[in-house]
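Got some structures for you, see below.
Here chain A shows up in two complexes: once beside chain B, once beside chain C.
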Partner chain A sequence: MHEAPATPGTERRAGRLSDRLTLSAKRVLWAWLFLAVPVVFYGAIRFWPTAEAFWISFTDWNLLRPAQFVGLDNYRRLLADPLFWKVFANTFLYLILGTPVSLVLSFAIAYHLDRVRFLHGFLRALYFLPFLTTAVAMAWVWRYFFQPVPIGPINNLLASLGLPAQPFLRSTLQALPTILVPAVWAGMGFQIIIFLAGLRAIPTSYYEAARIDGLSERAILWRITLPLLKPTLVFLVVFASIGFLRIFDYVYNMNTNDPGGPLDSTKPLVIMIYQTAFKSYDVGYASAQTVVLFLILLAISLLQLRLMRQPT
Partner chain B sequence: MATIALEKLVKRYGPATIVQGIDLSVAEGEFVVLVGPSGCGKSTTLRMIAGLEDASEGVIRIDGRVVNQVEPKGRNIAMVFQNYAIYPHVTVAENIGFGLYTSKLPKAEKQARIQEVARSLGLEALLDRRPAQLSGGQRQRVAIGRAMVRNPSAFLFDEPLSNLDAQLRGQMRIEIKRLHQKLGATSVFVTHDQVEAMTMADRIVVMREGRILQIGAPMELYERPVDVFTARFIGSPTMNLLPGALASRDGADGVALEDGDAFVRPPIALVGNRAGGGGPKVLLGVRPHDLLLKAAPDSAAFTLSGTVAVVETLGTETLVHVDIGRRSVVGLAPGRIVPSPGQRVTLAADPAALHLFDAATERAFPRPLLQQP
Partner chain C sequence: MRMSKRIAGNSFTKKLLAGAAFGIGLTLAGQAGAVEIEYWQYIFDTRVKAMDQLIGKFQAANPDIKVKQTTFPYADYQTKVSAAVAAGNGPDVVQLFYGWLDGFVAAKLIQPLPKDVFPGAAIEADFFPIVSAMKRGEDYYGLPTAVRSLALFYNKKLLADAGLDPNTPPKTLDDLVTMAEKTVKRDGAGNITSEGFALDMAGQDHQWWREVLVRQFGGAPYAEGDRKVTYGDAAGAKALAFYTDLQLKQKVGQLGFMDEAQAAFKAGKATFTIDGTFRLGAFSAIKGFEWGVAELPANAQGVRSNYASYFANAITAKAEGEKKAAAAKFLAYLSSPEAMEVWLKVVGELPARRAVALTDANLANPIHGPFLAGLTNAHTTMFVDEAAQRQITMDMVNRVLLQGQSPADAVAAAATAEQALIDRVTKK
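Showing the complex of A and B:
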């Protein structure tokens, strides 16, 4: 025999595709096979409409007549629209009030809950409960709380204490913070759980070493606990910020007669978008607003990640 | 420097008693090692000294002062933890500086102290690094540095070498020992590793199930263990134990082993007048390093013959596992002699090197012959 003897088995198997691929190539192939489903789904449901929105924002489409390219007209109109600037300010008010308040409260609760052994599981479940409840139901319950005398319990309480009744949702000044109350409260359950997990991940010997070195509780909190919680904080700040920038359901449901009222004092960007698109059918203009919201979210997220991800 | 004294110290967690009333006094400048298997209460004892745990009963004194109700920071002790407990978010210098947190020294002086400690631990070049950029040994040195910087009256070490690899552990052992010799600080060191205990301690405290079994200098524990547990715990490889009974043969007192018909005459005082007719059951102990492979042992020697089962070559010496009856014993052959499995060999020991334990109580018979002067 002149030829190298090939075993019959290997010769036959060489024909099949699966045997011609290397082991790692096969692994990659399988991975993509499984990934294909969500990738195609996401592409069709999420990314394509998102890209479409960018295009629509340059048109005057109103659902009825075919879209016509109008260049930057929608954006020019937006910048000249006093309502947009009002809404822009409101949206940032939600963000700069809601994020710190909710995080400080959640951290304070998680920090103390972490030390409580008695009824720990029950208390944790109690704080988590709002997170499981629908926003609409909560918004309506809180809306009832804030009603005037004799319906709203809070005003009833104020009255029984001899304090002046407050207009809450009917005041252009008080309505926005009032809406923030249930929004903050609803998000806290999630934040507390994440904070608790972060606190648990800090080795107890860090605290013991600090006690031996004579650090006070305060110093331990500021110099050890909080710096070590930074990754948790980054996550929650970004997460909460995005949530407050996109606030919709609490605003809408706490004032269904005039969402965003009174006098647009509580109107966030998302409600403006909703009303422009589905009340005025000015889809091109609404898309331009969406693009602006998207850019704001992107900028804020990137900024926060950058600020807080300094070397640890 | 300080003395530490524990009096009838007890620690309970609910119904479980972890430390069952121990007494211990550590002299000024002494290096005491608490050693025992996990769960023996050694770490709990250390944590009570540190003030991280409350004592359920008993008294803890540091320099004669009762400190049961004193906060950890008020005890002027420093502790080195198993996982180092150095903070990942600050530099080496800041980590060491944490040790000076409460001191009222001016800033410049604090810096000088940190520099000085870093120099003595060889950490100067690393002061601006973060712990993530350090090796395990370097991190451990930072932890020791933080403990040293304050000039504490005592050092407490809680298994500080357990997370290091074998080579580094050996190195750090020597470094800690050297540091102790230099600083002369009272130290209490907890470990489950008898090698660490033997190599580092001035005195070893062997603990088991919340009680102290024996306290003594390393060689004292090695030569005169008070019971089977200590005898087996101290020394590596562990002591061979052969069951037998006290008996008289040809008018001489000795031990008749269960396996084979070997009759041993340990030093007479070892048996004393306990050898009676019925013969209480005993355990005859012999350390592998006393049980040597011999072609022609002298007639006075204690000998065991059997077949080689397994051979462990260590280079400087060879451990020979020999099957004798139903039992296996470990003996020693000089480095270059490597018997092959299946070979029939004789192991011999000087009778003076034998240990004898009561099989029922596991307590040792006294060994007067080896009593230290």
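Showing the complex of A and C:
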């Protein structure tokens, strides 16, 4: 903060403190007074526990015993734990599959929705609705859709068409994409709204000029729309990536009997952290996992800042 | 009242007044000093109701003790207990799963039961032997009001539909397989539409496999106080093959069918399922649903086994002096025959005292009888981390069912993984 130098003209008798401050200094003081509330709040409930987690990751705390310093043991154990690498791969699989699929789908919908005039508001609300719904409730509904015969609607449909029933959540190969379906579907509402805003922000004069020049719709899309949407795209890519890296509720609720299963094929890092901390009470080890997740998210956020700073 | 009128300089009145004030002071002290102790358990409707009744009866008999019951959702229970006791705020009497004992003792959350109120010899003479899971060295750290065991639930209508006698449940494993084969229903494509036997490793089947099937196929799940895994042998593989064959070979059930075994059974879409006493409430609540309970099937040689578990009540380390005495009194009441009868009636869990449990009336009861019979040959697994050990057993079955691994390889891998887990936890 800039401290304004005391102006010589404001000499006064040594009076109250507020009298001795310049107007701009007072402003700064007030600003900090108001800022202090969120700063203290975040400091106490966000940053302090975060710092604490770093410390706990170097101990063997299990909630019951006083914590003992164990150095890098938890990190060594993490690197040697095959489950960690499996979970690490799963986490990135959610990211690599989820982000492009959800962005391509929501862009396609937003692109076409932008041109629809008939029932535009209604359709937009319809797409946004899943975003407002509780993830847990949605996960359970989708879990029911993917059940085997005789209760799962999808498998019942397959059976009535004479097609073989699919294991979906009970298959080590199909389970992860199956869980991504509701996760992508629920996130799409938000992405569509942001894409729509981005599309509307592009001046129509560009399009008019392009049409006068006789550019095809395809060329307009690739040469005008997409390049000008870059800030929106970068924002959504980062936002979606962080969301998929932290995926928990869909995985947990679509398979509550074996969260992250079968055979850890759907387990993301966050579920591993949860189970280590609150099922096995191995809080030190769980904190080490949290620190790793934190570093991954930090790296991705920094990458975002870099990309955003580049001129578009 | 009379005294106030006579307040004068007279020394007699003064003495009387002083005496009265002393007396009033004493009664006030007596009221304020009614020892208040706190009792914690997790939220489960019937358990909370039963405890309210017990506290009412206990307070009526002991007007100088007040008991306050506090409950938490099961998911947070253990975390809250450890955090509160560590901060010195927690309960005086606490309910804990027998499998948590080592953690609670190591953390000094609970103290040994006073031997004058709870003599070890009396406990061993009166209670089912499974309470030994609460003993460390010479000390008992807690006592249960009620215990749970497993039994085979069967759907009478599905048996009758298949032309079987609805009142003759299977006695042996072979009977179980035959009857499951006769009652399973499939559609044209071979998809199961009603199970013969509901498989659910995440439910109670992992206990059935570990403590019952492994023994029935000639093995032993553990040795050295359950610190050494011994099921990774041919007997363990045979026990696993028996279980996985139900889906792969006889095709009488399918893991994940209707999501959970209990859901399939409740919906009338499974002939048999293995479950515990705690499920009785959910099944009895369904109108017109005709089901029965039988003791877990024996093997061909008549070997039977069962898995029993319980929540015990213990005195926390925080209770001292008169609170400790009050806590001991309350705990003694919770482990009394009277309390056990209330618990059986309200919650449906079996009394932990042999004399209260094994009455002719209870044994003849078509529901409680089979569970009680199971108690006499029951084992309690001394888990170090129940969730993680269950996961290993679930993964073992999934490797056979989903990845086609041989039962021998799967059981060996599970034994190695579980041994590593036990070693890591107990080393600390």
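Operating definition for what follows: the second predicted complex is superposed on the first by the 292 of 312 C-alpha atoms of A that agree within 3 Å, B and C clash if a C-alpha of one lies under 4 Å from a C-alpha of the other, contacts with A are read in each partner's own complex, and residues count from 1 in each chain.
We take it that contacts are C-beta pairs under 8 Å (C-beta built on N, C-alpha and C of every residue); 3 or more make two chains touch, one makes a residue touch a chain.
All values derive from a computational prediction rather than experimental measurement.
Asks: Using the overlay on chain A, decide if chain B and chain C clash or can fit next to each other.
Replies: fit
Asks: With both structures fitted on chain A, tell me whether chain B or chain C touches more of chain A's residues.
Replies: Counting contacted residues of chain A, the larger count belongs to C.
Asks: Touching A:Asn62 in the superposition: chain B (first), chain C (second), both, neither?
Replies: Only chain C is touched by A:Asn62; chain B is not.
Asks: For A:Gly71, is the partner it touches chain B (first), chain C (second), both, or none of the two (neither)?
Replies: So A:Gly71 meets neither chain B nor chain C here.
Asks: Kindly classify A:Gly121 by the partners it touches after superposition: chain B alone (first), chain C alone (second), both, or neither?
Replies: Touch partners of A:Gly121: none, neither chain B nor chain C.
Asks: For A:Pro82, is the partner it touches chain B (first), chain C (second), both, or none of the two (neither)?
Replies: The answer is neither, since A:Pro82 touches no partner chain.
Asks: If you take every C-alpha pair with one atom in chain B and one in chain C, what is the shortest distance in Å after superposing?
Replies: Minimum over all C-alpha pairs: 52 Å.
Asks: Which residues of chain B touch chain A once you look at their complex with the stated criterion?
Replies: Listed in rising order, the residues of chain B that touch chain A are 50-52, 71-73, 77-79, 81-83, 85, 87-90, 98-99, 101-102, 130, 146, 150.
Asks: Could you pull out which chain C residues touch chain A in their complex?
Replies: 75, 78-79, 82-83, 86, 103-104, 106-107, 109, 187, 189, 191-193, 200, 202-203, 254-260, 269, 385, 387-388, 391, 394-395, 398-399, 402-403, 428
Asks: Show me the residue ranges of chain A that touch chain B in the complex, using the header's touch definition.
Replies: For this pair, the touching residues of chain A are 203, 205-206, 208-215, 219, 224, 227-228, 230, 311-312.
Asks: Could you please specify the touching residues of chain A with respect to chain C in the complex?
Replies: Going through chain A, the ones touching chain C are 60, 62-65, 143, 147-151, 155, 159, 162, 164-165, 167, 169-172, 257-258, 261-264, 275, 278-281.
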